[in-house]
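For reference, chains read A, B, C and D in written order, and residue numbers begin at 1 within each chain.
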């Protein structure tokens, strides 16, 4: 019986070591492709965003009757963060970054596009879904990619679409509900979109020096260079001045 | 034989239709406008006059088909004694009278809607139609509408009219809403703009239907005499969202209206 | 001159070789059959489109079998998108109004029968005639091609109101290449109709055989002749309208596009045009077009009824002919009644309302003549005669609707409701179709030399007649509730209660469509297996029945016909009608 | 066509009901065509009038040289009508040589008209006129109306010239006869008549 304890102890010891090795191995592999993390700040107070009256579409108005939604031209997040800023790399890429295979989703819910701004790799798939009881039309006013305009009745299968050329800030709108707007940013290489606290991160960045560009639908673009050294994630921060 | 069957079928069809109309199986909705009753009366009068002609015509046709089947020579054929002259006279007189009555009374109804000038102190509301929604603009406290700048129209910032509050004093207090609210028993003057296509302003309960024509401003005026919530729909084909281009008309008491306008002003 | 008689001989010798004989034939009979066949195909296509619309209206969420695979873009999973519904609506209207109702009773039967009825060997300009068919054919192909191109068919309705039809792709799906193709197709159709009308007029004026005075013309010829004039003027206006629209679309002009248009937040570069100009031009064509469709129907019914009632029409050829002339000429003064609520000056509305009401007088006279010609007759209820009776009944029902829509005050409520849809389906749609059916059953023996099956024909009539009322009279009544047309689904709350009504109409419409296959089967079966037709199976008195069925290449086998009295003039006792043209027409 | 020649050659009235207009079908056909073509031109001119009345800043840009050019064009086209008349007379009299002379002259005048017209067009293009551009800052409809209306007429003139060439050739080869020349003459006179509307409405009304 005692031998049994020994066996268990030994086995567990081996397991611990094994897990330890595995873990260290993962951290090593992580070190080889770093990430750029950072945050976007809004300097000043965001302009007044008008509330949206959806009374035209009762089913959607019902969804928001507690807190009316507003326009999303400038969405200021917690502690001065600026939401919906797309950060991507404009210089320094090797050109053979892998296209993310994970499809991005845009949901039409309560007569809003969720999310309001999406970024994708050129060629990455986007799933456009309609969770409303009304039919929307999706008008993609792209210029470097073929523009299209198509209705999606309630309960229709999601649309699976891709954009093959880089294009920044493709306006997407629904004519049936003129207040519905979204933007698609098509880039090559890593990208990040700032969340409600203004923070973002770009994954799988090889060490090197890059020019980062931050794009916002209202405030336009900013660029800065950042160097990603092996071993530690680079931190950057953008600041947009409220106009 | 087929003649008799035809006669019976036509008679049945005629009676069923007559029943549907008389029994109001399908009928007009409640009428909430001051001028509406004139139009309703006109429709009913036409239903009556034309209905008589309809029933008479169908029954004449049916009875002739019933009576004059092929007798294989048993019955000598005879020409219609009245001859063509009587038919022509009948047509000219009966239809002519009908026409005179209808256009006389009808033009009165039409004139009452379109030829009476709007009440000078009527409530003015500006309507902007676009693919695929209506937006309404109230002049605000100053009672003046700011000028429109089409190049400024921007749906992302909800600037559906193309107002420029920074530079136009009159535009500062304009109130833009997604629904039309009006006080009951108050004359209303709408000015219809369209920013893109031809649209139409149709409220069944008001008995008003008027197209928007891009490039020109079309005034229409009416007075609603009952409170309630009614649908404004577009009846002029304007694109893929035509079927869902609508807004709501709310006729309220003056007090409710004032509150509503305050809320809307706060939401600007 | 001698070489010309050689020409003449060559003309009278039928062409050899399949292509010259059946495809690019200059023989008016072949061309007539080509037109009729084209219309038949078009009619079934248009009908299929209406089925999809009806099903979608009755059961908006229903997935329609095969549709998902037929057009995965327009109807993913078989459920039509709103824009696809509008495309179907547009193409249904276009195909039915132009390629069926305008083509079949006029170009189809007219081409085949008019030269024979006036005793000519062919149309005045056979090559022109061939050209007009093939131009029509290309136009039809272009119209159908809109379904194939990625852009899809236009969504602006058969009226193609500017600016929706003029500003291009930004206006919505189908408004790019689709609308371009549509305009081209209509322009081609205009050219073809103009050539056809020219041919009809010249043939009727110049190629009448000895003794075929105007007073002795068969009433169908009269109708085609009057109608040719109306088409000549109407299509001559639609053609330039289409060209101007095309200029606006591709040339960057602004005839129909006003300034300051903002579509999808884009300020368009156009300025100064007028959408109302387009409506005026379109309806100046568009309303005569309605009569272009109904006049041949009048003619066919007037032509058939004496044969089957065995007695002349009340008032002989004069009354009905002058009624048709009056309708034809008044039709150019009424276009404004389509624009009562479209921003035209209200006083103009009253001006237009008067001739619109007045035009009912000749129409009523026509109907009365038809109805009272039955008085004291010996009606032979053959299938063609039944369809004639159906025409009269439907035309009464449809005409009644005119009293409503002719009055601005009433129209301001009924405009753009399903009442209008029911009204024009009765008047220009189903009435014309019934007369076309009557003509088809009546002339089939002459065109193909075989009789059609009477029993199937009668079944076809009874079902069609009842179902037509179920569909389109219901539309009238539903219109009283203000149910708006051109809506693909019931987003407006007040239309939700009409869903059961729509389901009833949908079922009836599907049955009505199914009924037409009885007709199709009857036609195809009789074409090959039907009993051989005599030269004059109906005992009619016009020239087309005084030759073989089908007629020889030169129509009368070299005989030069001479006419001694008209189709409705009889011997001393005017009560009995000749049962053989031989008596009324002496061959020389 | 040969059908009519049969009837014409053997005498229309013998076999056929007399044409109420006593003219054979080719000519009648041309008359009918003229009726419908007149409607087409009328539509264009109606559109022009509608545009003109509807716009505030129409402007009358044509200076004297342009009007002079227009007058010369009018003169050329009118005289071509006369030469056409002479050509028809000659063919009726069966004098081939003089018929050829007159036909040739008509064709030349028609060509000269077209050349003058195009020259003026290109001059205007040079000044910045276009279907949707107006260098004087007036209504852009001007270019649209001017070029579409005169363009339609020019197209008629050019196709008329081509038709005349073909007919002259056929006439000399004996393939076409007097009736063809007469029919062509009808068309040519119609084109002139239309110009009599186009010139005042498009040029004189827009003269400074």
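Operating definition for what follows: contacts are C-beta pairs under 8 Å (C-beta built on N, C-alpha and C of every residue); 3 or more make two chains touch, one makes a residue touch a chain.
Every value quoted in this text rests on a predicted model; they were computed, and no experiment measured them.
Asks: Using each chain's Cα centroid, which is most distant from the centroid of chain C?
Replies: A
Asks: Between chain A and chain B, tell me the centre distance in angstrom, where each centre is the average of that chain's C-alpha atoms.
Replies: Their C-alpha centroids are separated by 49 Å.
Asks: As a quick test, compute the distance in whole Å between the mean CA positions of chain A and chain D.
Replies: Here the centre of chain D sits 66 Å away from the centre of chain A.
Asks: Could you state the distance in Å from the CA-based centre of chain C to that of chain D?
Replies: Distance between chain centres: 34 Å.
Asks: Quick one: which residues in chain C touch 2 or more of the other chains?
Replies: 81-83, 172-173, 264, 273-274, 489, 491
Asks: Which residues of chain A are in contact with two or more other chains?
Replies: If we look for residues of chain A contacting two or more partner chains, we find 134-135, 137, 149, 151, 173, 175.
Asks: Tell me, which residues of chain B touch at least two other chains?
Replies: Within chain B, residues 130-131, 155-156, 239-241, 244, 246 contact more than one other chain.
Asks: So which chains end up touching which?
Replies: A-B, A-C, B-C, C-D
Asks: Please give the residue numbers of chain A that touch chain B in the complex, ascending.
Replies: Chain A residues touching chain B: 50-57, 68, 71, 73, 134-135, 137, 149, 151, 173, 175-179, 181, 217.
Asks: Where on chain C is chain B touching in the complex?
Replies: The contact residues of chain C facing chain B are 81-83, 86, 155-157, 161-164, 167, 171-173, 258-265, 267, 273-276, 309-312, 314-316, 318-319, 341-343, 346-347, 349-350, 353-354, 357-358, 360-361, 364-365, 367-369, 371-381, 386, 389, 392-393, 396-397, 400, 403-404, 407-410, 412-417, 458, 462, 465-466, 469, 473, 477-478, 480-482, 484-489, 491-494, 501, 574-576.
Asks: Which residues of chain A touch chain C in their complex?
Replies: Going by the criterion above, the answer is residues 134-135, 137, 139, 141, 147, 149-153, 155-157, 173, 175.
Asks: Please output the residues of chain B touching chain A within their complex, sorted ascending.
Replies: 130-134, 155-158, 160, 177-179, 239-241, 244-248, 267-268
Asks: Across the complex, what residues on chain B touch chain C?
Replies: 1-3, 5-6, 9-10, 13, 17, 20-21, 25-29, 38-39, 42-43, 46, 49-51, 53-54, 57-58, 60-61, 64-65, 68-73, 75-80, 82-84, 87-88, 90-92, 95-96, 98-99, 102-103, 106-107, 109-110, 113-115, 130-131, 150-151, 153-156, 162, 195-198, 200, 202, 204, 207-216, 218, 231, 233, 235-244, 246
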